[in-house]
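Chain IDs A, B and C follow the sequence of writing; residue 1 opens each chain.
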Amino acid sequence: MTVQTAPAAEVTALPPVHRGGRATVLGLTGTAAVLLAMAALPYLVESGVTAQLVKLCYLVALASMWNLLAGYAGMMSMGQQAFIGLGAYLLFIVNDHGVNVYAGTLVVSAVVALLAWPVSYLAFRLRGGYFAVGTWVIAEVVRLIVVRFDSLGAASGRTLSDVTADPVLRRAFTYWLALAVMAAAVLGTYAVLRSRLGLSLQAIRDDDTAAGSLGVNVTRGKRIIYITAAAGCAAAGAVICVNSLGVASPTQIFGVQYSALMVFMVIIGGIGTIEGPVVGAIAYFLLDKYFAQSGVWYLIVVGAAAIVVSLYLPRGLWGTLAHRTGFAVFPVRHTVRL
Amino acid sequence: MTWLNAILQGVLLGGIFAMAAAGLSLVFGVMRIANLAHGDLMILGGYVASVTAAHYGVPVPVTIVVSMVAVGALGYLVQRSMLDRAMGIGELAPMLVTFGISVIIPNVLVQVFSSDAQPLPIGSLGTASIDLGGGLAIGWFPLITVAAAVAVLSSLHLFLYRTQPGRIVRATSDDRAVVRLMGVDNRRVYALTSVIAFATVALAGVLYTMRQGGVTPFEGQLTVLFAFETVIIGGLGSLWGTLAGGVVLGVAQSVGAQISPDLPLLAGHVVFLLVLVFRPQGLFGRSVLA
Amino acid sequence: MSTLLRVDSVDAGYGDFQALFGIDLDVAEGELLALVGANGAGKSTLLKTIAGALKPFRGTIGLAGEDVTAEPDIRRARKGVCLVPEGRRLFPSLTVEENLQVGAATGRKGPWNLAKVYEAMPLVADRRTRKAARLSGGEQQAVAIGRALMGNPRLLLLDEVSLGLAPLVVDQLYTALPGIRAEGATVILVEQDLNRTFAVADRIACVLEGRIVLTGTAAGLTRDQVTAAYFGTGAFPEVKTP
């Protein structure tokens, strides 16, 4: 009896599946180069430039977090300001206990992640638009509770008690902190999406009922993302707090404007892509830098732009470009080469 | 007696919330759109009334009609020009459009009318009340708002359950593709729904403005929360639940204010979250036997 | 007999997927045509294309001599093309009577109204105040047919009437068919059961992989011919009806 060799052709006949490949290497090398160049900036340019870039950094971080929520897990939160505000206010507490603000940012993110876990059970009772408003209400509740503590400055905000005394050093440190938070947010998103969780997430976003029936643990995946995004927003909140040496008013740091901002950046840049929020944040940063002094009109234009882009360019700036050219700095899609 | 009075005032406040929530609930029920601009539309309704009264000398009761017509017409335009298209794109797009509108409305109001409160005086009606004895009094105006809320919700109910257009609206809510096989243009149903919802929320906005004595541009950020909370507390898809939800929220806020002047908002939100934890389908949400 | 429906070299499908290839089909006024074919052959797609719920890639659809290819489902419904969709698709939160009333939204005058539907289908009359969500499969199908009748159809399209129903229930549904035809409606129905098909149809068209491979009068076709066309086995010369 002759043993036939397995028809190897049938096995190898499966077309190879690629994910990024050389593009990944290029993208990551490029990103690393940009981050290194940015890290060197305090030695190269005056502190006014880096001070502005701090804002860009936390905008990118915030946009990435909202994109993770809405673009990958289908959760349109209007209440991320809860975690931004908590990040800032918890930083007061750890700072009061002698932890420096830079290490404190890490501590604060971890604490907020812990807090977000029970909160998610509350928020997940709602879906879609009701989820959006539910998270907003939660943020309001957090604000209303925080302002009841006199030690936190009650309704009038407060300043950080212990920051680096030397202004030049402080600015550099603040900038590096912001840069680190941004890098963590963007690269963290990339890592999450390349993981097994990322695949489940995209299934959830496309059809959570179907994903659930195929054995994807929908709620667990969403919860992980919700908690991650809370931690990211808290870190951004801490950066905002360090950058302005405190919080001007709880109404501001817990303001729904932050959520509005995040929505805007993600929509403009392109929801559901890693690069989109970065592009959106840069677009908003430039708009804000050059047009913010035109006051109210500028906000009207921002609102109108959000409408126009969601109606006529639903993939956003980056998404449209990537769709037409197939280009990605952070490839997460699997491509079958035939 | 002050407590009883607080509860009574809360019930009366609930009428306005219920009216505002009815439109929100309708739009969500028929088009599955969570209208984030709902609170701002309410405030816009107040502005229309205030401005027509102050600048054009229109009698205050007539301003209610003007506001409902103007905001209702805006509803038609918004639905036709933006939301129809957005609904074809996906679930997120309509919400983003309403989000954009919610940014535009208050900023346009600031630009045109400044941040100052726009008054809408209702004269002696604002203070007139029926004395129930023992320090308990019901203001005429709050009473009117509750009557108006009951009237609006009843009319909506009659429309939806007793008329052919109403039945078609409900059928469209159930299955938008199948009504087309019966010759119904689902987009016209959406337009009708939006007009009704926008006009109702304008009415709620005018009454709210009258109650507060005036209106400021950014109040929509609060009222949108109240409207959503009312819908959820009452239970989705139940108009009478909406009335109950409004009353519960109104009483919570009013009793909260009685405890401490800085508590009404927190008390309202906490009641909402409690309902969410212990009765997520809402007080009168559809049970299995709908 | 005049032609009510003329389908002329229609290609149709969903996005990149083509389900129908060069369909030609004529249906005369007052006729009952049965579409026979395996699951996925394209019968439902054909009915949707006729109803206007699906726009064909190519070809034309004529109704009573008028080209209606460009008209959407809404306008065709008002012209009397009424589809009973696959899966019944009742409005679950509405009562049976309300479902029927919405069916009248085509605004067409004709023999059918609530009383007449209840008379033709006593099963529906008994359930008139019940929510559609709480009906059995057979009851739902009866209401779905009644709802389409309320639109006073000229051309009634019935998709998979007996799918998932007990034979006894299907018998009950079919007893209403002569009454419906007597009121002048032309009918196209999709039916899997060949016995029933031969019993009710004037003409039969077999659909195989998106093409009509066999048409003929019920009297002029044999079961073997239809079975062969159903499974795509053997040769089947196109049989044309005069």
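Here, a residue touches a chain if its C-beta (ideal position, glycine included) is under 8 Å from a C-beta of that chain, and two chains touch if they have at least 3 such contacts.
In UniProt terms the chains read A, B = ABC transporter permease; C = ABC transporter ATP-binding protein.
This structure is a prediction, so every number in the text was calculated from the model and none was measured.
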Overall pattern in which the protein chains touch one another (line/ring/star/complete/other): line
Of all other chains, the one whose Cα centre sits farthest from subunit B (ABC transporter permease): C
Whole-Å gap separating subunit A (ABC transporter permease) and subunit B (ABC transporter permease), where each centre is the average of the chain's CA atoms: 33
Cα-centroid distance, subunit A (ABC transporter permease) relative to subunit C, in whole angstrom: 52
Distance between chain centroids, defined by C-alpha means - subunit B (ABC transporter permease), subunit C (Å): 45
Of all residues in subunit C, those that touch subunit B (ABC transporter permease) in their complex: 51, 53, 72-75, 77-78, 82-83, 85, 89, 91-94, 98-99, 101-107, 131, 133, 147-148, 151
Of subunit A (ABC transporter permease), residues touching subunit B (ABC transporter permease) in the complex: 70, 76, 78, 122, 125-126, 128-130, 132-134, 136-138, 140-141, 144-145, 256, 260, 263, 267, 271, 296-297, 299-300, 302-307, 310-311, 314
Sites on subunit B (ABC transporter permease) touched by subunit C in the complex: 164, 167-168, 170-171, 173-175, 177-185, 290
Contacting residues of subunit B (ABC transporter permease) [partner subunit A (ABC transporter permease), same complex]: 28, 32-36, 82, 85-86, 89-93, 95-97, 99-104, 107-108, 110-111, 221, 224-225, 228-229, 231-232, 265-266, 269-270, 272-273, 276-277, 280
